[in-house]
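One chain, subunit A, links the two complexes that follow: it is found with subunit B in the first and with subunit C in the second.
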Partner chain A sequence: MSRFLFPRWTNALLPFVLVLGAVAPLYAVMFVAYGFSPKTTEAGYMPVQPVAYSHAVHAGKLGIDCRYCHTTVEQAGFASVPATQTCMNCHTQIHRDSPKLEVVRKSYETGMPVEWIKVHKLGDYAYFNHSAHITRGVGCVECHGRVDQMEEVSRVSPLSMGWCLECHRNPTDRLRPVDKVTSMAWDQKAEMTRQQREALQQTFNIHPSENCSTCHR
Partner chain B sequence: MSAIPSSSSATGGRLPGFVEVDNTAETPGRRATLVSHMDRFNQVTRQVCQVAESKRPPFAWYAAFAVSLSLVGLLGFCVTYLFFAGVGVWGLNNPVMWAFDITNFVFWVGIGHAGTLISAILFLFRQKWRTGINRFAEAMTIFAVICAGLFPGIHVGRVWLAYWLFPIPNQMDMWPQFRSPLLWDVFAVGTYFTVSLLFWYVGLIPDLATLRDRAKGTIQQFAYGLFSLGWRGSNRHWHRYERAYLLLAALSTPLVLSVHSVVSFDFAVSQLPGWHTTIFPPYFVAGAIFSGFAMVVTLAVPARQLFGLKDMITLRHLDNMNKIILVTGCMVGYAYSMEFFIAWYSGALYEKFAFVNRAFGQYWWAYWIMVSCNVITPQLFWFKAIRTSIPLMFILSLVVNIGMWFERFVIIVSSLANDFIPTSWDFFTPTWVDMSTMLGSFGLFGTLFLLFCRYLPMVAIAEIKATMPQANPHWEGWHAPTSHGGAGSAQAAHASPSATHAPDAS
Partner chain C sequence: MPRLFIYVGLILLLCLLIPPAVIARVRVTPNSNLPVHFIQDMDFQSKFKAQSVNPLFADRRAVRPPVDSTVARGETYVDAYFYDGVVGGQWATTLPPQIPLTMATLQRGQQRFNIYCSVCHGETGAGDGSVNQKAMELVANTNGPVNGTVWVQAKNLVHDETVSVQPVGQLFNTITNGIRNMAGYGSQIPVADRWAIAAYVKSLQRSQNAHPSDVPAGVTLAEAK
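Up next, the complex of A and B:
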């Protein structure tokens, strides 16, 4: 009788098959959950900007406040990117002939804006309001990281939904007095007690919503 | 009708002059024969295996396969079109947000239930007649659940996000709503499919080994050999097989009741008049078994004719199934009337309206198709002449299938179309995509079933042998071979009719 039975050497494969059967589905789930997460795919995104502008120099060394350039951040949902005129407030006086500023000067002459590349881009389906966060004690550094130490700006946060929810579920430790909102080096966990932060939450009346329609309007 | 070439089978040639044995009568003290015209175990093996072993199947198989496969093509086209264009290509619109998609889903899930009932509950109750029909009823279950699973998958709108149906960890920290019956449904149907598949496959192993041992071609030997998992029919194999089978039967038994109960929660948990009733779970389960058995009859009648299985799927099997159709048909009829009674008795204005509207509103025709197919038609099965008439039972089973499809349509669409606020009322009209997708799902079902018929044993060879009188060690027709002595013959007589060594009982 010629019939197919498993040859002896296949017995050695059995443990591998069993392990594969057990591990493969878990691996697939984890691969999608972590591999496809913005934590992996997008955090650390650092495009090359048309102008080699250094936040480390301007915000760090010179100590220019964030709001000097991103003027609308306290009033509007969108934190504006400065017009060329803002740059030229100083650079008509300082480094007037620097080759690094060639693009900026050209923009100033022609009136065509510099084409900055957006680093922190949320999906169009997600609503985010800067002013709502800034005016109630969420510091810039919470989401953008130590921009004052960045030569070129990169994304430190995944900007994923899970990441947003993390803070919406537990906002207390992320709060600071409004006058410290733009100071990058100031750490509320070192400077304030938990009670003080809780008091701050009371004062600001912060009860972040987790409804779908909070962000997906 | 039969086109089995007589050369391919020793017994197939007998079919044209086949005499149907009437084994439906009950004789006190005697078990009715469940296998006719056969007194040797290997006749069963040969008769079942010849379908897979014949060079080519009957012409009718090709014709049916061509039709089914074309419908699968149509299904593929419709689904692709749906993905590119969106669910707007269906007739769904506010307020009828569920229509053909969920109707087909519930219809197909319901069909599956007969298979599980036959394989699990009838097994635990030692109903031996199940062995003739359990294999292909289980196959029907699996294929029906595949067709059912298709619809929730494609109706979600953004199909690339269909994985949101499952609780998979993700960067959004987003989980399905665990309080929603729609999620319970995902679990219920998923469990149902897994357990049914396992049950079916475990039952197939000895028979796959039989096919492997009989196979002539290398590919067949390897393919059947691979899936029979090295089965050699030893006592230990049989022992473990029987344990596993019993355990799986015990696992599947609650599923017969739970799956369609959970499906009914999709409706009953909502607050829509016409859906929000406590009778739904038992009513859905009865309806599922009703439609499932009708589908088994619909498939069994041509299959036994075409593949020469009349000796194993006898009139008694069909008669029994028709009785179940009669019983469950009465239950369904009772549920219909009880819904009306409760709608009146509750005094709830909207509830009352929903039911009057169901019978006399814009979908009155669907309602009366449902009632005449599901309540009135099965009553004909009170007559034995109808229960044992092959053409009549085939027609009636088709009628029941149609009726049960309309039942789901009536429940879903008539309740949604006329809800609380008259200004939002509307009339659902299916588009050609709706129609073609439904037809296509029948094509998918047919294709899978025809492939199963062609390549796998349609009847549980090993199991059915055990129901033959020859399998009884005290069978009077048994003559111990004198040369082997008492002990040897007793052992031979006790041996299970195994896959690899079917004992010849003469």
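Up next, the complex of A and C:
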């Protein structure tokens, strides 16, 4: 009769096993919440673009307004990526032999588009409208971060639904005067009082909807 | 209790710290790979959104450029005054009837001028915009122009006599179609905004050639602003 018996010292393990059993589910939940969060999986996406275009130089150092290139942002839901013509407004003359611009020049000659890679991609069931936000005082920087300091554009926001709702439930602090919408360095929390932002909310009549159909159609 | 069990247990416990550390690192590191979608939902649907790719076409554009000689609704271009700035074969000297000369128009023009024009011409129209300054630097480089840059100083829109005498219709035409080294902005700026900019350029010229007698009697400077 050779029945296996746990040795006597295993009794000392019992409290540890109990603690582990209690902590393990918590650990698993935290792991999923923290690890699978869009803040981990989505934010920080920085694709290698076909052209080494620097927003830090163009929007930052040269101070070119966002709308010089992204012309549709105030009228349309989609903020268009500029045509090659827009690059060539200047680059037929400036840095016209630069090897960095080879892809742009080729696109200009052949009419084939430069295949820029979309950084801020939403789920195909979500419809974000740029013009609705831009024309009512939500600055570019609120979602896109300091693009004027980025050599390569990366995604600073998770663009998750929870993240959208954070602002839709409390928009006041994200509002600025419409003429400051593209000013990346301008901070409404430093430059305005809460009362002024509340007044802006009144003026623009902003009552963001939390209905599903606002963004999902 | 055998020592081995204690050591293995401790090492396993320490290993539990690795996943959070990896996640924390992923959170602060930019990543060039496509984001991982653990739960696909309907994130990727078989439809085309603006400016997306359709590999069936040679140029891979999902949106098709209009066939040559097609005319979109509302883009008939039969009104030469409004679309070309021409009245009876001459450059228009006043704004077309669609564009009222109001403060709102001028302010719109100012805003658009500062977006599209000031990069070269400067906010006052003096030809000292940031791109112009940078290009002049590149040309003046001691080892020769950088990357073959060529540049002609941007025009002073206010004091250059070839510009200051131009009628508003001619300014409109230059904005639309470009001139010499300047590219046309017809595709970037809608027609009404181009008129607003042309009107604003006129007002820039006027304001910088102002005389004290222009101030209406009884108006102080603070009010006039």
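The rule is simple: the second predicted complex is superposed on the first by the 211 of 217 C-alpha atoms of A that agree within 3 Å, B and C clash if a C-alpha of one lies under 4 Å from a C-alpha of the other, contacts with A are read in each partner's own complex, and residues count from 1 in each chain.
One rule holds for everything that comes next: a residue touches a chain if its C-beta (ideal position, glycine included) is under 8 Å from a C-beta of that chain, and two chains touch if they have at least 3 such contacts.
Given the structure is predicted, the values throughout are model-derived calculations rather than measurements.
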Open item on the list: Per the contact definition in the header, classify A:F31: touching subunit B only (first), subunit C only (second), both, or neither.
Closed with: second
TODO: Examine A:D179 and indicate which partner it touches, taking first as subunit B and second as subunit C; both and neither are also allowed.
DONE: second
Task: First (subunit B), second (subunit C), both or neither touched by A:S80 - done: second
Open item on the list: Of the two partners subunit B and subunit C, which one touches more residues belonging to subunit A?
Closed with: C
Open item on the list: For A:M88 in the superposed arrangement: first (subunit B), second (subunit C), both or neither?
Closed with: second
Open item on the list: On the A-aligned overlay, A:K39 touches which partner chain: subunit B = first, subunit C = second, or both, or neither?
Closed with: both
Open item on the list: Just checking: does A:A12 make contact with subunit B only, subunit C only, both, or neither of them? Give me first, second, both or neither.
Closed with: second
TODO: Once the structures are superposed on A, label A:S98 by its partner contacts, choosing first (subunit B), second (subunit C), both or neither.
DONE: second
- [ ] Identify the partner contact of A:M161: answer first if only subunit B is touched, second if only subunit C is, both if each is, neither if none is.
- [x] first
Task: Touching both subunit C and subunit B, counted on subunit A across the two superposed complexes - done: 30, 36, 39
Task: subunit A residues within the subunit B interface of the complex - done: 1-6, 29-30, 32-33, 36-39, 158, 160-163, 165-166
Task: subunit A residues touching subunit C - in the complex, by the definition given at the top - done: 9-10, 12-13, 16, 27, 30-31, 34-36, 39-48, 61-65, 67-68, 71, 76-78, 80-81, 83, 85-86, 88-90, 92-98, 111-113, 115, 123-125, 152, 154, 179
Open item on the list: Looking at the complex, which residues from subunit B come into contact with subunit A?
Closed with: 168-174, 212-213, 215, 221-222, 224-226, 230, 232
Open item on the list: If we count contacts the way the header does, which residues on subunit C are in touch with subunit A in the complex?
Closed with: 1, 9, 16, 19-20, 23, 26-32, 34-38, 41-45, 47, 49-51, 53, 59-61, 111, 114-116, 119, 130-131, 134-135, 138, 146-151, 181, 183, 185, 187-189
